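When the chains are written out, they are named A, B and C in that same order, and each has its own residue count from 1.
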Amino acid sequence: MTAPKTNSGRFFEDFAVGQVLEHATPRTLTTGDAALYMGLYGARFAVQSSDAFARALGYAQAPLDDLLVFHTVFGKTVADISLNAIANLGYAECRILRAVYPGDTLDAASEVIGLRENANRASGVVYVRTTGRNDRGDIVVQYVRWVMVRKRDPASAAPAPVVPKLPERVDPAGLGQAVPVLDVARYDVRLAGAPHRWDDYAAGERIDHVDAMTVEEAEHQTATRLYQNTAKVHFNLHEQAQGQFKRRLVYGGVVMSLARALSFNGLANAFHIAAVNGGRHVAPCFAGDTVYGWSEVLERAEIPGRRDIGALRTRLVAAKNRSCADFPLRNANGDYADGVILDLDLWLVLPRR
Amino acid sequence: MTAPKTNSGRFFEDFAVGQVLEHATPRTLTTGDAALYMGLYGARFAVQSSDAFARALGYAQAPLDDLLVFHTVFGKTVADISLNAIANLGYAECRILRAVYPGDTLDAASEVIGLRENANRASGVVYVRTTGRNDRGDIVVQYVRWVMVRKRDPASAAPAPVVPKLPERVDPAGLGQAVPVLDVARYDVRLAGAPHRWDDYAAGERIDHVDAMTVEEAEHQTATRLYQNTAKVHFNLHEQAQGQFKRRLVYGGVVMSLARALSFNGLANAFHIAAVNGGRHVAPCFAGDTVYGWSEVLERAEIPGRRDIGALRTRLVAAKNRSCADFPLRNANGDYADGVILDLDLWLVLPRR
Amino acid sequence: MTAPKTNSGRFFEDFAVGQVLEHATPRTLTTGDAALYMGLYGARFAVQSSDAFARALGYAQAPLDDLLVFHTVFGKTVADISLNAIANLGYAECRILRAVYPGDTLDAASEVIGLRENANRASGVVYVRTTGRNDRGDIVVQYVRWVMVRKRDPASAAPAPVVPKLPERVDPAGLGQAVPVLDVARYDVRLAGAPHRWDDYAAGERIDHVDAMTVEEAEHQTATRLYQNTAKVHFNLHEQAQGQFKRRLVYGGVVMSLARALSFNGLANAFHIAAVNGGRHVAPCFAGDTVYGWSEVLERAEIPGRRDIGALRTRLVAAKNRSCADFPLRNANGDYADGVILDLDLWLVLPRR
């Protein structure tokens, strides 16, 4: 007899705190990925769009979009971590630590940093810290996420609960490592599309990004495959038609990228996502839904040692099938308002005056 | 208070003759864009498909498709010129002046060359001459377009009307600047797909391009985002469902590229669009429509100083949901026939014998 | 009068045994094509995904997917061979003979090796051997296919039947020419996603690939255009709506690539398709169908002179809108079971211990 060859995914019992999972498949990102990413979301940030613009500032060439890097690393973890997941519960402490350029190869590993069985004993929460590296061994992205994973057997014993203490936000002192020291005088706000620099934003400011994008099945599937993310809920209509939603679910990362692309209108010079402090996929998104977005500036922070750039902590909210002109977030009960699908807490980097 | 950060677009009152608008976002085009463009339209012209074929002729490598260059430059102008446009009325004097290769970065500026308030005082026509340049400062494309733009306030005063005099067609003496002097003996008509050279076409000849393409929402959205064209009518179903057409409009440039790709069948050696003498988007195209095309040869012109190539002036017509075997154009009243959606007047370049 | 310029395709009478057809359009494949191919199918084989992984083994860089190469060559033949085809009947003796890298330009020629009029005299079967070469003249892929082609005139005389003798399978002695001698010690099964090497599979073993993919119109159209395959049944809804199926047909090559990508789950180290011994598109696939797949190991063969790699002959079956957990193939009558759409006979290459 030959051994079974297919991957049926880990259950809650298969994880142990301290365990390190090294993920398949290493992936070289290229200008081809950058072009397809552009076609899928239409972002207009000048640094990622133009080699000439990026080089003038001090980059080797146009770096790849931060979320393309994030999704590529995330995609690798699915087969090892979330194939039997019930829900992706949250992100924390995500830091983009190095610019990724076309030609760089990324791989990823995750360490289990927490485990807690649920009261119903049918599932538990798994906390992992995932690290993505380039082919020179440099860490390019690192983040914590936690997912609810089914138990193979509700009766099986569970380990003592370990819940990692996660910071509310990434310390701004560590931001901007992926950004070379910029020749800010050469940052051409006219080419970049708006005059507003870091100095021009203030905590409490809210920005409706106005534009919106309707998502198609072919688009989210193509995006999700590009990240080699194989979670079947995004691809298998035949099976999903029997499920709760009767249709395929759009990968939450697609909503993140759409909201980020829309945020250009109002945050044109926020050219880099330095960190994701936290994030929740509040409600599902389906093909045919139209995604809008708005941002609130939560905090403006200097980055020690950097006079060229500053950090803006923003909440980026995406809503579907409703304008964000009224900045939807919570309803009177404190629950997320109808239509809100994404609530992200970001550190953005902008050039200073 | 912080200043509003989003772009709500210019109204008719915001334009002045002589005003120069420098557009965001500079964009490096790559082989990734070329591949996606191929996947979206399926053109088969050998010069743009094969580095080996292009190099044998004298190009540095396969140049990017002329319309990819045009749409990229056009896309940049939308946020500054046509966000509040009611209609894109026409093009003239569009010339492709230099081959664009993967790695080139394009940016764009437009000069306002005409303004004329409409009789209803609610809107006016804005004429601009747009110039796209590569990162060495060379002009790669230049064209005039005019759009109907809403007034912010119908009661506001309008400037004295200025209507530019536009030539009926680009002078053939200026054509072919984007084409190196070709080693025509090495132009392999067998590899290119058809034996017919410039010499083999005659004014009055009509060609049904036979093939056809049905457009999908995901396709036109992906194409339009690739050009960083943000006009919301192409992307926002939630809003469009309340509008005149109840659905998203396909960007006219997508129809141009589809018709151009279809024209390979009959014009396989017309490897370069040297100029667009004029163009009208006669009727809207929607996802689900099937686009056919036909061409009429209007004029055959030598290009002074060039024995390698000649110019063919053609009318390229696209129609939807009807074959072009009967060359649809006008009905008995002189109006465009049902189904006609595009009427382009082009200068094409072909190798000579 | 000018000569007709469009290609209406060859009829059965237009073929003669020994005739060589050199096909348009040469095509340079790039990392852009690789990225789009990834976005369309989501394969996860490490060799094609990562320059770093491929280089460690002895490749110059990540080679392009074997089926991308096959479809590109196949696409070129459509205009010359199958524009008037009624059906694509089969493949045999397909061998991938050389790795194709981004930047390589492919062209193709076909020799007619067999002709046989059908009993109804309305059509006949045309056998061709197609050869795809890179721009250095190396053969990269060669295969035989046979198609049923309409006669222009049922009354016309037919040539004496010539039916080529085709081997049931490619001799394993000739396999692996596209694979450099691998430094197998550096083949990292952890990065590749599964521990199973050639030695771990056995004849008779059956593998359900578990995962599945629903196909969208925009996806199969984009894929098929990427290969410059112009067969109108894939693109023209307006015409197809009047036909037998009332809708567009998915190009069979899309189903092949989907099934191949799905087969990663169970065959993660089968990084190369060395040969297609035979293949049948058993039933049509349409947008909205969900494709599943399973494989059976038919034979395990050493490759003379190669200690690094071995060959696995597998049957790769794709079915639509049904799980492959029960390995669907034939029904009680010996006909293909409901839902089966593809039956491929492959030689796969895997690293040995």
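As a working rule, a contact is a pair of C-beta atoms (placed from the backbone, for glycine too) under 8 Å apart; a residue touches a chain by one contact, two chains touch by 3 or more.
As the structure is a prediction and not an experimental result, all values here were calculated from the model.
Undergrad: Rotation angle for the CA superposition of chain A on chain C, to the nearest 5°?
TA: About 120 degrees, rounded to the nearest 5.
Undergrad: If you list every residue number at the chain A and chain B contact, are more than half found on both copies (same) or fewer than half (different)?
TA: Different, since under half the interface numbering is common to both chains.
Undergrad: Just curious, how far off is chain B from chain A if you go by their C-alpha centres, in Å?
TA: Those two chain centres are 36 Å apart.
Undergrad: Two or more other chains touching the same residue: where does that happen in chain C?
TA: In chain C, the residues touching two or more other chains are 30-33, 35-36, 216-219, 222.
Undergrad: Quick one: in the complex, what on chain B touches chain A?
TA: Those residues of chain B that touch chain A are 2-3, 5-8, 22, 24-28, 30-33, 35-36, 79, 102-103, 105, 107, 135, 216-219, 221-226, 228, 230, 232, 235-239, 248.
Undergrad: Flag every residue of chain B that touches chain C in the complex, lowest number first.
TA: Of all residues in chain B, those touching chain C are 30-36, 38-42, 44-46, 49-53, 62, 190-194, 196, 200-202, 205, 207-214, 216-219, 222, 265-268, 288, 290, 321-322.
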